[in-house]
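We just call them A, B, C, D and E in the order they show up, numbering each chain from 1.
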Amino acid sequence: MYTPAIVAEAMVNGLLTGAVYALVALGLTLVYGVLHIINFAHGALLTCAMFAVWAASELLGINVYLAIPPLALIFLALGYALQRFVIGPASRGDDANTLLVTLGLSIAIENALLAAFKSDTRTLSGDAAFDVVELGPMLLSRPRLIGFAVALVVALLLWALLRRTDSGKAIRAVAREKMGASLMGIDVRHIYALTFGIGCACLAVAAGLLLPTFYVTPRVGQAFVLVAFTIVVLGGMGSVAGALLGGLLIGVVESLGGLLLGESLGQAGIFVIFILVLLLRPTGLFGARA
Amino acid sequence: MTLLHVEGITKQFGGLRAVDNASLSVPPGTITGLIGPNGAGKTTLFGVISGFIPPTAGRIVYNGADITAHPPHRRARSGIARTFQIVQPFAGLSVVENIAVGAYLRHAKRADATRVASDIAHRVGLGAMLHQPASALTVAGRKRLELARALATAPRLLLLDEVLAGLNPSEIRDIIPIIQAIRAEGVTILMIEHVMQAVMNLCEHVYVLSQGRMIAEGTPQAICTDEQVIEAYLGHGAAGQMQAHA
Amino acid sequence: MLTSQSIGRRAALRAAAAVSVLAAPRTLRAQPAAIRIGILQPVTGALAQDGELGRLGATLAIDALNAAGGIKSLGGAKIEMVFADARSSPEAATQEVERLQAEGVSAIVGGFASPICLAASQAASRYDLPYIVDVGVADSIVSRGLTNTFRFAPGFGSFTSVAIANLAALIAASGKPVKTVVLVHEDGLFGAGLAKLMNAELPKIGLEVLETIPHPTPSRDMANVALRIRALNPDLVIPSSYYNEFVLLARTMQQQRIRPKGIYAVLNGAASNYRFVKEFPEAANLVMDCNHWFNPNNPLALTVKKQAEAAGKFMAYNVPLNYSCVGLVADAIERAASPDRAKIIAALNTSTFAGHIMPYNATKFVGGQNQGAIPVNLQVQDGDIKVIFPEAVASAKPIFPVPA
Amino acid sequence: MKISSVIAMAAVLLALVGVALFGPNTAINFLVTALIVALAAQGWNLLGGYCGQFSFGHAAFFGTGAYVTAILQSRYGVNAWIGCGCGILAGAAIGTLIGWLSFRAGLRGSYFALITLAFAEVLRIAANAAPITGGGTGLLLKLDMRAANFQFASRGTFCLIVLACVLAVLALTTWIARTKRGAEFAAVRENEDAARALGIDVLVTKLRAMALSGAITAAAGCLYTQYFLYLDSNIAYGSWISVESLLAVIVGGIATPAGPIIGALALHALGEATRLLAGRITGIDLVLFGLILVAATAFAPKGLAGLWNAAQSRRSPRA
Amino acid sequence: MLEITGLRTGYGQTEIIRGLDLAIAPGQIVAVLGANGVGKTTLNKALSGLLPIWSGTIQFEGSSLAGATPADIVAAGLIHVPEGRKIFPNMSVLENLELGSYRRARLHRRTNLDRAFTIFPRLRDRASQMAGTLSGGEQQMLAIGRGLMAEPRLLILDEPSLGLSPLLVEEMFTLIRTLNQEGLTIMLVEQNVVQSLDIADHATILENGQCSIQGPAAELAANPALRRAYLGL
């Protein structure tokens, strides 16, 4: 009933969306991999970033894509401060405490946004967001193509950062061997905060890439964060490459699921995958077996 | 007649062979020692015996039955109790509650379990600290707690993993008679120990594990003069030098 | 001298004003006790936008009624609004009903969403407190036999039958063959219910439902829905979703160059929303909707529209509906000549209220449902929302099929 | 227990009964909602507090209890009381099932929290799509105020019933904490390996906790249904109840029998107070709420019960 | 160079080091010996700032280490090669070495890398291999090499012979002697008594958180108390 062209287009759409999902998941997986905490404020921070992008674009009149680099820096600093001065001290390294602190933060952030912006839906004005690029029989959304490209570039940059710079190497070192890293003079608290900051910067980029084809409300982050959790678990918690592959895979699964099963069940499918992966292979599809 | 028979146990972790075809036997009513330098695989072997670590090869026979596939809690119910080298107190519970968890295995009623727990606490010298949180105990106190909790399960075979490590000599002197008393009540003991003084005093028979292999067994006296053992402990060429100095 | 004279006159005026101010308390004291009416709207949470519009309509109505002299049968008693925030949840609404009861209201108007109306009217029925549903379209609201609950506007059943009848008329008038339909609906209370009814009814007018596509709220993406529509290539798309999702869908369809012969929405959150029309004129153009709407030929309605726009809001259907519902209650109290609930309920049951601003006939309640209520069809034309059916109140001719 | 604590609890109880009997309906309504959350939180506390398994998806139990009650009544004409009994059993069953799947797979800590969240979400989506739950339309129970129908003309009566349930679970929790089962829960919470070494079947112990926790939280769902007589997938399986039951316990005092009750009452009172203080600016109350949660974790990790105990022991340093 | 007086420290409430005195002069190898659980590793953790000092003082090259963070201590040149190596298993050999100069001697990274590869030619062959896949001996070399990258003033080696085959142990001790002969001051914490005493200038036996016997290594080797401390004879 569906022509191959339509299935192909759905797959490509899934890939395009998946890359941005991956970016959201990247921050989550990085924080998990290094700090070994699950950041339940991730969704709220994404919402925060989306409002920031919206405000930059609609209130200050800055082009969305130009707004991304400065916002990424601001969110880097914000994330750094949040981990260094709030989450770290308040949770004292205890898993349950971290869960509560990030949950509390997520409630506070989401509702502060609600108080500031009301529950109105906001979109970027102008029809540029709905430009299409014709690719054979496919009509692909230009902002999504841009999003895909930028997401891949950011993932690549992150990879380079982790591989090529001392800070990046320190992050990888702390992830696996905290004490050894300390003995090399690496300040673990600084690295934790830096990692959290990088996670937030990824969110800022993702926000800038999402907004042109999406809308923002104070609860919008929740819609993404559960998908991000699934991606993180699928890719293996803590694995950057896993998050990227997982993101693309989930994007395609969601898109094809949506096409063939309907949107509602397509979303349930994501959770079913999530549960199955946790039950059958908790280290993730791409992670090494524990 | 042996209570515990360990047959050709091998445990492979990735590329590392932590225990390599090790065997030992523990006759009932004895204290058997298991010694060896750091990293020899003693604790891994203990994990296999108590069911926490599935062996790569070999089998465990307890009281005539093959228990290799039994989970730890089942072994505990059949009378194998163990302590942990790195003490594992229930930090949020009081001393008597900690011990009572063990006592509940044989006594369903709270009053009985608490009474047994408090008796045992007195026996191991924790009588004065019954209601203190376990987290407030010193290292010595925690070692005693480990011992008490294991005893509370009324074991036939007690596996002690370095209950003396980290204690000072007077603390060690205090605990040795307790262990002897436990044996006197008919509990069979297999102990990993580093403090040779204690091994000499307590054990009838000693096994030596080095780099995953059983390199010697015998009476403590025989073991102490065994060249291989001395080299394993003090390093290469030590036996010769010792001989020279002696 | 001219100056001093004028000063003198001004001073005299000021003195007179002072006297009247002093006299005012006496007049107030002479006034009968105010009649309290509970206005229940979700002004926080997911439905806040709608709740605010409902509140605006009720406020405008109460102001107008009071300015016109209050309840005359009660000696000109003023109407006092007791506002309650349903917080977008049935649970909170129930809690607020308790508060309104404690504050001694004579009736409650509002609810907006069906779940809220269901829960709140049930809570009010414990106290035989008259409850006027403003929007909630679920038919179960008035089919439960609650004697306190009245719905001024049409329900689901009415909407589907009218929407289908009008659609049949539209197709017949266009003279073009229209055979296939795709239904797109949100998977919550109203979308799912509507889709079910449409699925049963559409074949009867010769339309084939190619596919029913549900989607969750919120949806991250409408690309797949659009792709399916493109694959099915239906003559007609019938969407029933909330605002965000329909806007996403309409824009995605525009982007994907999917141009069915018509988009015929039923009770859609966006299709007849001025904001959508203003922000995305291209995507909105020629979309049709069967929905609540005010009577464009009623001068009072146009005044209310101006007032709403002056308050910085769009004239969505919530405004005139709540405006009219408050008028309905006031009329019942007027005729009951008492704040007594039983009498108000009796008056509502015999109500023939015609002073509303909807394109309805005079009210006639049967089992709590206003038989005079009529759904209307709208179409976005030239950046405005026009009424195309029923012809009696139509402000424009339908454009169908959409010119290629 | 110290005399002062007993007196304090008796005073609170008296006040609650007083409100249920003589209070205005708004107060009773507040109390019923808070106590239903307290009951759900008591269920969470058994699993999370006593057995140490943090769940993020107690909505799965709450919703199952609620739906089973509602469906049996509205679709099969089952008596409301029997319906509630079945709802509670269903909660225990779903708890055991989720527990069996997750614990057998060896999930702990964050992984367990995540999978419970996912289960609740799947149930929510399924309930929203399945015809038997009324899909998105939800389920409405007929208003028929007869005691035989578990509906009461007076809200006060219902309030007393909820209060009785909460007190019953309070007694049950206190009792369990003093039995072998309670010791097993605590041992599994504190150290699974040590528990195993002492002959405790960790899987079975966790499943017991799941079943009991599921049943209690499902009971809260049943009461919710009977009180509001309306249910949809977001009420039943929405994350709000998962979060509230967890928060109530943390704020009140984890692994203390009275913690969930104190926490639920305090949180709801705080919610009302912040709503009054913050006026009608939506969200400010919840901002405060979130910040208080962060502060509570940082400064009062044992919750209000912990603060109370600390204050008590300060007053009588020898105790 | 390093002077410890009356040091007390431990974990939580538990005191492990109970009033320890120790001094190391520049250019020496000082062996710190003792059985399991006497507090050797705890001492090292206190020295590298991973554990707070409860009382007593630690002076390194004249300045106090009280309150110093691990990063400060590394920056000062006191480098600790920990027991169990604590290399970064998820990173290549080269990256492990590079991180050795994260805090100190970053500018000399290239020269120091060459030097490390000269000392441990086997590491050069495996420069791009993941450290986690190295054999035990290679991992130990990597750990020491990583420590050397920071141009240590004083190098603490915690149980470098642990888990190595006798042949490798021999090699390890030869290496330590060589490093010392090149001018590096070393504190060698070991269970392997005989070989440690062979290469050390000075030695101390730790018992129960205190130094029980101290003196020149040669004297200690002949001391019967040593044998008693280990074998309980």
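By definition in this document, a residue touches a chain if its C-beta (ideal position, glycine included) is under 8 Å from a C-beta of that chain, and two chains touch if they have at least 3 such contacts.
It should be emphasised that the depicted structure is a prediction, and the values quoted were computed from it without experimental measurement.
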Reaching chain C from chain B through chains that touch each other, fewest steps: 2
Labels of chains that are neighbours to chain A and to chain B: D, E
Per Cα centroids, the chain farthest from chain D: E
Farthest chain relative to chain A (centres taken as mean CA coordinates): B
By number of C-beta contact pairs, the top two chains: A-D
Where chain C and chain D are represented by their mean Cα positions, the distance between them in whole Å: 38
Chain centre separation in whole Å, for chain D relative to chain B (CA means): 43
Geometric centre distance via CA averages, chain E-chain B, whole Å: 31
Residues of chain B touching at least two other chains: none
Sequence positions of chain A contacting 2 or more other chains: 118-119, 264, 267
Those chain pairs that satisfy the touch definition: A-C, A-D, A-E, B-D, B-E, C-D
Chain B to chain D touching residues, read off their complex: 50-52, 71-73, 76-77, 81-82, 84, 88-93, 97, 100-102, 104-105, 108-110, 113, 149-150, 152-153
Residue numbers on chain D that touch chain B, as the complex places them: 178-180, 183-184, 186-187, 189-191, 193-202, 255
Chain A residues within the chain C interface of the complex: 1-3, 6, 9-10, 13, 17, 118-121, 123, 125, 127, 130-132, 139, 141, 214-215, 217, 219-220, 223-224, 227, 254-255, 258-259, 262-264, 266-267
Complex interface listing, chain E residues touching chain A: 48-50, 69-71, 73-75, 79-82, 85-91, 95, 98-100, 102-104, 106, 146, 150
In the complex, chain B residues that touch chain E: 37-39, 135-136, 138-139, 162, 165-166, 168-169, 194-200, 211, 224, 230-231, 233-238, 241-242, 245
